[in-house]
Every structure is written in C-alpha cells, then in structure tokens.
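These notes open a run of structures that come right after.
The two complexes that follow have chain A in common; it is paired with chain B in the first and with chain C in the second.
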Partner chain A sequence: MSLGLISVVERDFVERGVDLDLRTDGRGRNDYRLPRMEMNLVAQSDGSARCQLGGSTDVLVSIRCELGQPEPTTGDRGRLAVSVECAPSASQQLEGRGADELNTELAEALSRALTGPRSGLNLRQLCIVENMHCWILNIDAIVLDLGGNVLDALLYAARAALADTRVPGTQVQSLDEGVDFEVDDDINHAAWLEHASNVPLCVTAYKIGAGYVLDATLTEELCSSARLHVSVNPAGQVCAAQKNGYGSIEPSLLITMLQAAKEKAMYLLEVQEEQIQQHKRTLLEKQTRGESVKRPSIFM
Partner chain B sequence: MTMAETMSGPTFVTRAQVITSDTSVMRGHGTYQEDKAIVSAVAGVVEQVNKLITVRPLRARYAGEIGDVVVGRITEVGQRRWKVDVNARQDGVLLLSSVNLPGGVQRRKSESDELQMRKFFTEGDMLVAEAQAFFQDGAMSIHTRSLKYGKLRNGVLVVVPPSLVLRSRSHFHTLANGIEVIIGLNGYIWVCKRASKAPEQMEPDELYADVNEEIGQQERDTIARICNCLRGMADRQISIDYTKLAAAYEASLGHSAKELLQANVMETVLDTAMTRM
Partner chain C sequence: MDRRRVQGPETSVVPLPTQEALAKRAALPAPVQDGKRADGRGPEDIRPIFLRTGLISQASGSAYIELGQTKVACAVYGPRQLKKQQGFSEQGRLYCEFKFATFACKKRRHPIRDPQEKEFSQIIVQALAPSIRLDRLPKSVIDLYVTVIENDGTASCLAAAITAASVALADAGVEMLDLVAATSLGYVHQQLLVDCSAAEEAYQQHTDLILAYMPSLGQVTHLLHRGPVDWPPMAAVGGACCVHVYLLLMMHAQ
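Let's turn to the complex of A and B:
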C-alpha cells in the first residue's frame, strides 16, 4: 500500500520527529485525529455510515440485506460479504487498474475483522430456514479520499453501519410440499442486528524509525517500515493483530505498540458508542414525530 | 442579459449552467455553446473581458506561466533530463543543462555528469525551480540555474489547490523562529528550517547533499503550526500569500499546534486573522 514517492530528507525529518514525539502536524505519537461520523446516509441501504479522519481520509460503508443460501457447513447461520472500492478521485495512483491491489487488500482485512467468531455478531439471527434460506449482509465500502490510516476508518464506519442495520422480519409457513416464508415490509418489525456492540474497532500502529505512531498520515505511511493492525472489542479483548510491511518489530516495541493501540481503541469505542446513541435518539425522535422512516431495502 | 453584468461581485456557476443567452458575446475557455446559449463546462467563476466570457475553474490542475516559482518532486530520471511532478497535467522537465553542477556555475555538462545524474537528483527528491519555457505539447521546462533554486531539505511539503496561491513579488519568505516558507505557484508549499549556511557559501557537494540539519523541538513546533495553518486556509478556500499566512500564524499563537487540527479552533483562528487584515 505505498502510494507516491518520498525523498530521503523528508523521511529523515519524519523519523526524527517521531523520536522527539512531535510529528509534522504537531501531534504526539499516541494522538488520534478525532473521527467525524455520520450515520444512515444511504437511502437504498439497510444501514450506512461515513467516517472522516482529520478532513482527509474519508470512507463510506453501506450494508444491504439480501436473500441467499447458507454455506453447506454452517446451515444455521447467515453470511457476510465484504467488498471495498477505492474511488479514483482519492488519489492519482488509483486510476484505472491501479486500485485493484489496494481494494483486495482492504477488503480482505475488513472481512477478516468482521466475519468469523471474533466479530461477536450473532449470525444465527440471519438464518431464515435452516440449510435453505438466510440473509446475506453485503457490506460495501467506498474510499472517497486517502489521507492515511484507511483501515481504521473503514472498520470504524463498518462498526457504526452494523449498529445502524435492521434485518427485515420474516414469517415462515409450513406447507405440504415443504416450507415457505414471507418477508415483512414494515420497518418496525425489522430487528436490529444482535450484538452489534460487540464488534471490535481496529487501531493501527505504524513503526517509523525506532518508534511508532498511531493514526498515520499519508506521508507517515510512506515512512513506516511495518504496520500492526490491532482489533479490540468493548470487553477490552484483543480480537486480532496483524502485522504488515517489510520491516521487523522488536518484542519490546511490539508490546508497547499493542498496549498503545489497545488503550486508544478503548477510548475510540467510547467515543463511537456516544455517537451511535446520539444517532438512535434522533431516529426515535423522528419516529415519535410521525416522520416517515425508510422501508427495508429489499422492497426498493 | 448576462449574469456577469447584472450582479456585482463574482458569479459562481456549476457545470451545465446557462451563463447567458446573449448572442453578441463570445465564448471563451470553460464554456460551450448550446442552442444559442453559452453554458459553463466547469464549476467556477465567470469572468468577462469586453465581449469574451470565460469560466475560471475552482479546482483545476496547475497551468504555469514562464517565470513562475514552482516546487516539484522528481518522478523519473531519464536521458539528460529529469521528470518532475509539478501538479500540472503533465510532468515538467528539468534538463541536465538547466541545473547548476558542482564546480563552476556555468560549465559544460560532460558525459560523466550524465552518468551520475542520480547523485544530483533521484526519484522522490524535492526541489524548487523556475518555469523556463513550454514545449509544443504543453509540458513545462524548468530550471534551477540560480542559487535561489535547487534541492529542498530540512522540512515538509504541504499541498494546496494551485488556484488559491496568489502571485507576488517574492515566493521565498522567512517567518518566525527562522522557518522559511517557499510558496510554489503550483500549490506545493515547502515549509522548512532555514539553512544555517547560505547557498553561496556551500561546498559544491553540499548543494546536492541528502542530509538534514539538526532541527530542534521549537523549530519543529513552528513548522507544524505553519503547516496546519496552510491546510486550514486551503480547506476553507482562503487564498494564500505571505501576508495572509503571517496573519494566520500570529493569530494561531494562542493555541498549541496540535489544537489547530480541531475544526472549531482553526475556524476562530482564521476568523481573527482575516478580520485583523
């Protein structure tokens, strides 16, 4: 994920700044650009959120429920399908086929964080008829602008979008020739995604020189030799840690990076929880005022 | 009735918006004709000179003029030339014959110089130069044949939209704490610590060295502050020149450089700066 060039002296300037705990934008190594978030933006989806970091990194995540068939091995569960697309307007290098590699890398990372048991979601909720029909949550993300630390922003937006998602209600009827079901078009009968608050957030620590920073800018990303993506859930458990990049990380630095990322993730989870609660309050107010609330996306 | 005539102040148009149906005016850059009406092809500001109507786009790549001071980054080393990213539609060209080489300011470039071009500039290096000429295809030819120009060190790059940078007599300025700002007309701005040695006194090899000087905590803080001011001004579409930057810097002194990243802090800082001017 290296976009663009950097000179020897620029790299040296950034590295020495990290040593002094004073980065090029005045932040310390543990300072995080406060994420700005909006929810429920996309009319055609069942849940959506947009996250911006420091006015440059900008991502939009949309979730849509679709009817499908479960995997043969997990017949009693629904599925998640993740895709990420970087808009060519985000960076000159992403025009044409330039974004393909980055898209796959980000989709894979996001998918690893959200699918499987570490996401904390109850996938049994998405089952309609065992071994026959289930909901597939299509999680589609678009990167509108690149300002560094995209994966953190993606998971931040995805977590909020999951909290915003409602799965349409279904009625299963037993018929002579088997089972059939009907989807309810009333949004009030659609259920919030269970355990959406268990979903982890990701904080990435970037190794630069002999030190590390959190929430790197694009220039700092170019200077970093290794990255450590750390996913942490609200219970304070580290759900996943993945190292990327060509550099090595000393054991002592690894522990410091993990610790710093975990602390920051706990803080961000609190910040986001407040943002989500605020959104749900305004949604409830709208409903009590009798304003129209959108229907499940499958009926549009 | 033209919009430019009836309204005072700048008229903003969006793409595909009818500017005028008057048939007596001529259409210029950024416009096209559709059923006798002149329609804008870009989002920007309407400008009228006598009968000629043009639209200056708000967001566009840099279109240089001869004599412009530009800051660029080397993207490619080629045969007797470097390709330089100058934020324009095409990369600029820096010819080996357009740089000062160590040992004699105006000597002929030999074959050995050609073989060691990467010793002078290599991919990724930053430089400041002047637009010298334009090629047939519109690519810009730049030169560094003055000690004012050359390799950049000791600092960071800030990128702003080129339309915001105002032309002025000088584009090299020194702000507080010995921090120098080079405002490239192409929207690339270099903020650095001023070199302790003037280029005239440098050894030939030092001109192209890839080594930073020691930069202290306070100098770094000032650099960060100036960078954040520049980004804040660019976000709010405030035009950039030395006077405005200095005013913004002065107004920002009440806050730490880090606090300037918060949108509301930056808002008040720039409000005070612009009213003081």
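Let's turn to the complex of A and C:
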C-alpha cells in the first residue's frame, strides 16, 4: 500500500535521522506515541473503543453479539467475525475500491492476532446450545484517520473493546421437541468476556534504511521498505508475527526488531490494563449512582 | 406420491460429524511416534519436491511444483506495458492472483477469490518483490497467476507457491537478484514439524510459520507466523530448510 509520494531528499533526511536515533518529531527509535483511548462510545454496540496515536491515527472498534450457528467442526464454540474499513475521509487514495486491498490486509492481520491459536479468548463461553446456537462476535473496525501505524492502533482498540464487551445471558429450556433458549435483556445478567485480558497487543517495527523505528508516522511509513507486525500476549509470548511491505530484512535485524517490539508491547499492555481498570471503575460508580444502564444491542 | 412437489423434510440442520467421528478426532495419535511422522518422515524433513518449468506454453515463464500431495502451478506473463488506466509507475509493478481450485480443499472453494486468497496474493507479491529488479522496469507490470490444484496443508501451499513463483520468474527471464526459497513449519504438541501435511494441520492449537529467504543475499523476504512459540529454534530450522530448498532449486537450474 502506498498512500502518497515522498521525495528522494525527504527520504534521505528521514533515513539519516534514524541512523542518528533522532526522528522528525523528536522521538528516539524505540519511543512510542502514548495511545489515547476511550471506551464504551457507541450506544448500539455491546462493546466499543477508540484509539488515537499522536493525535493523527484514529480508529474505532465496535463489537456486537449476534445469534448464529457454530462451525460444524467446532460445535462447542462461538465465532469471531472481523472486518476493517478504512473510511475514504481518511485519505483520498481510499476512495471507491482503492481501500479494498488495505482493508483485506488489515482485517486478515487483525483476525490472525485475535482468532489464532491461543489468542486468549474463551470461545466456549459463546456457545449457547452445542452444535446448534452460538454467539458470533462481530468485530467491526473503522479507520477514521491515517497517521501511520494503523494496525497497532486497531489491535489496541480491539483489545479494549473486547474488555468492554458483555455477552447477554441466556436460559436454555428443554422442550419435547429439542431445546430452546431465551435471551435475557438485563445488562446485569450479561457476562464479561472471559480471559479478555489474555488478548495480545501488536507492535510494528518499521525498517528504514539500515535501522528500524517503532510506531512510525505516515512520512516514516513511506520511507520504510519493510515492516514487522509482532503480537504479544501478557504472558510475554509472541502470538503472531508478519512481515509486510516490498523490502527484505536481514535475519540479525529481524531478531532485533522482534525483541524491541516485544519489550514495547509488554509496556503497552501495562499501560492499557491501567486504562481499562480506570474505565471499569467509572462504570461501576455510574451504576451505583443508577445512571444510564445500557441494554444488550440485540434488543435495539 | 405427489410428483409435483419436492419431497423432503421441511426443516434442515447443519450436517454434523457423528459422535464417533468427534471422539476419533479427540483421540488423534501423537504427531510423532518413535521419531517418525505418519508418512515416515522425521520431524525436520521436508516432503520430496517435484519441480518442472515451462509447462504452460502460452506463458512467458511457468513452474509446477509438488510437495507430497500439495500441487501448485504458476505462470508469469510479462513484463508488459502498464495499461493507461493503471496510471504511471516509476518502478515496475508485480501483480499476483492466487487461487485455490474449487476442488483443491476438503471444503469446496468458491470460484470467486475469498479474502484468504486475496491475502495470499499480497503475501506472494511482498515475498518476491525484494528479489526482482523492479527499478529496471519502469512503466511495466509483471503478472503472476498461481493455481493450487491440490491442497495438502495450507501453509505448505503458500510456501510452495512462493518457491514456484520465483522459479517461474527466473524461467521468464526476469532480471532478479536471487531466487526465493520458502518453507512452512508447524508446532504441534510441543513438537516442531517441518512442512506439515493437511492431517498434521488438523491438530488443534496448531502454530505455523512461513519463511521466505534469499540464501545468497542472506535476506528474509517474508515471514508469517501465528501462535505462541519458542522463536530461535524455529527460525533456525526454517532458515536451514529454506537453504535446503534453495539447493534443490539450484540443482534443478543446472
């Protein structure tokens, strides 16, 4: 994906800066723009979060629970359906079908981090009647502004949205002809997603010249020949990794990039956990005051 | 019997695997027994490779590769001039269309490309672009068409496709820096397995890694990995396998 052009001189300027460990906005190569996050923004969804990086990259993730059928091979589990849409307002290049390639790329990468083996979530919690009915979590992301490092922001928001999601309660009754169930419309009976805190975060390392930077801006993205997305869970395990871009990476640099991304991810996980706890505390205060209690989205 | 109406039940359900089939799946044998896998290979052996070039007569270059039951055909057309509506490009462009044949997998594939196939196309382009002198081909495009005829391990299909596409590009006489060799690795039940077959991929908690490497230049051109895993041994084994595939390619070239 190339969003825009860059002159040879500017590219050279950025590359030399990376060599000196000084970037155009004054950061060092391992410095991350502190993510700004808001949760529970979308009234019609069961969980949502918005993440902004450095005031330019801006993404919104909404999660809705929908009733559906499980996959035949995994009858005792629910499903996740991930979609990403880059709004044309974010960049002129994304108009019409221009965003298709970017959308698929981001959606597949996001879904690899969230649904991959041991992504963390307990999908058995989403099963209602085995082999018959389950909840499908529709994870829909929209990119509102492009300021570089979109995938990191997407996973940051998706992880927070999962922590904010509650699955409506159900009561299963056995009848003469099989089983039936009722969905509870009381939000207090809806359960938080289990193990949402095990979900990984992604940190991307961008190769620029012979070095690398974390959390690139849009200009730096244009200068980078290859990038490495690394997803790390709170246990410190690398859950997914993917190279992207049209350049190649030497094995030694690859390991360095991986290590740097992993360390940064552990730090970001701590930062986000604090943000989520803060949000849950305010939510609890609101509830005790008896303010605006949301209903599960399925009843809207 | 009323022949004017379709005779059948009024409702339908998803065809479900029987309880016996489910129990059988739960009790899969260990992937490696006495140091051997189900097909007699050791854990770090790749399947025998069959490779041919120039099978597709109309293409500028082509390659066909077999890795066990995985069968992939690849054709290269071009370099040719960019069409007007595709705009101007200072560097050459690489375009790839990766498609599973509708009958290639256990489940039927739709003739229209799905998101996974689109993503694989992008991965192949990203894996091969570093090996081609695209700067020597302004205003032109190289088209790459990859068809998977049989899928015996999705990760191995992608790895085979990258290797075959690189060979096809060489067959077409495109100026390149090096051949790209790719391998797939799996991590099943704490056991590292190279070049997993479909049966081995079916184990739950499967972790996989696809590595594309240019051995002569010592450059990794692509890396795709999911599932938590111990990194250094996997990367080392992956690199060694890529070199092994590369040597086979070199022998084929002579």
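As a working rule, the second predicted complex is superposed on the first by the 299 of 300 C-alpha atoms of A that agree within 3 Å, B and C clash if a C-alpha of one lies under 4 Å from a C-alpha of the other, contacts with A are read in each partner's own complex, and residues count from 1 in each chain.
The definition used in the following text is that contacts are C-beta pairs under 8 Å (C-beta built on N, C-alpha and C of every residue); 3 or more make two chains touch, one makes a residue touch a chain.
Treat the numbers as computed from the prediction; the structure is a model and nothing was measured.
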* Assess the superposed three-chain arrangement around chain A: do chain B and chain C clash, or do they fit? => fit
* Looking at the overlay, what does A:22 touch: chain B (first), chain C (second), both, or neither? -> first
* Which of chain B and chain C A:213 touches, first, second, both or neither -> neither
* Structure fact -> With chain A at the vertex, the Cα centres of chain B and chain C span an angle in degrees (to nearest 10) of 100
* After lining up the shared chain so the two structures overlap, which partner does A:265 touch, if you call chain B first and chain C second: first, second, both or neither? -> neither
* To do: Tell me which partner A:247 touches in the superposition: chain B (first), chain C (second), both or neither.
  => second
* Check whether chain B or chain C contacts more residues of chain A in the superposed model. => C
* Asked: What is the contact status of A:112 with respect to chain B (first) and chain C (second): first, second, both, or neither?
  -> second
* Which partner does A:73 reach: the first (chain B), the second (chain C), both, or neither? -> second
* Should A:12 be classified as contacting the first partner (chain B), the second (chain C), both, or neither? -> first
* Once superposed, minimum distance in angstrom between C-alpha atoms of chain B and those of chain C? -> 8
* chain B and chain C contact sites that coincide on chain A, given as residue numbers -> none
* Structure fact -> Per the touch rule above, chain A residues touching chain C in the complex are 69, 72-73, 75, 101, 104-105, 107-108, 112-113, 116-118, 131-132, 226, 228, 233, 235, 237-251, 254-255, 258
* Asked: Where on chain A is chain B touching in the complex?
  -> 5-10, 12-14, 16-17, 20, 22-28, 31, 33-34, 54-55, 219
* Hey, which residues of chain B end up touching chain A in the complex? -> 73-75, 123-126, 152-157, 210-212, 215, 217, 220-221, 223-225, 227-228, 231, 235, 256-258, 260-263
* Asked: Which of the residues in chain C come into contact with chain A in the complex?
  -> 13-17, 115-116, 118-119, 122, 125-126, 129-131, 204-207, 214, 217-229, 231, 235, 239
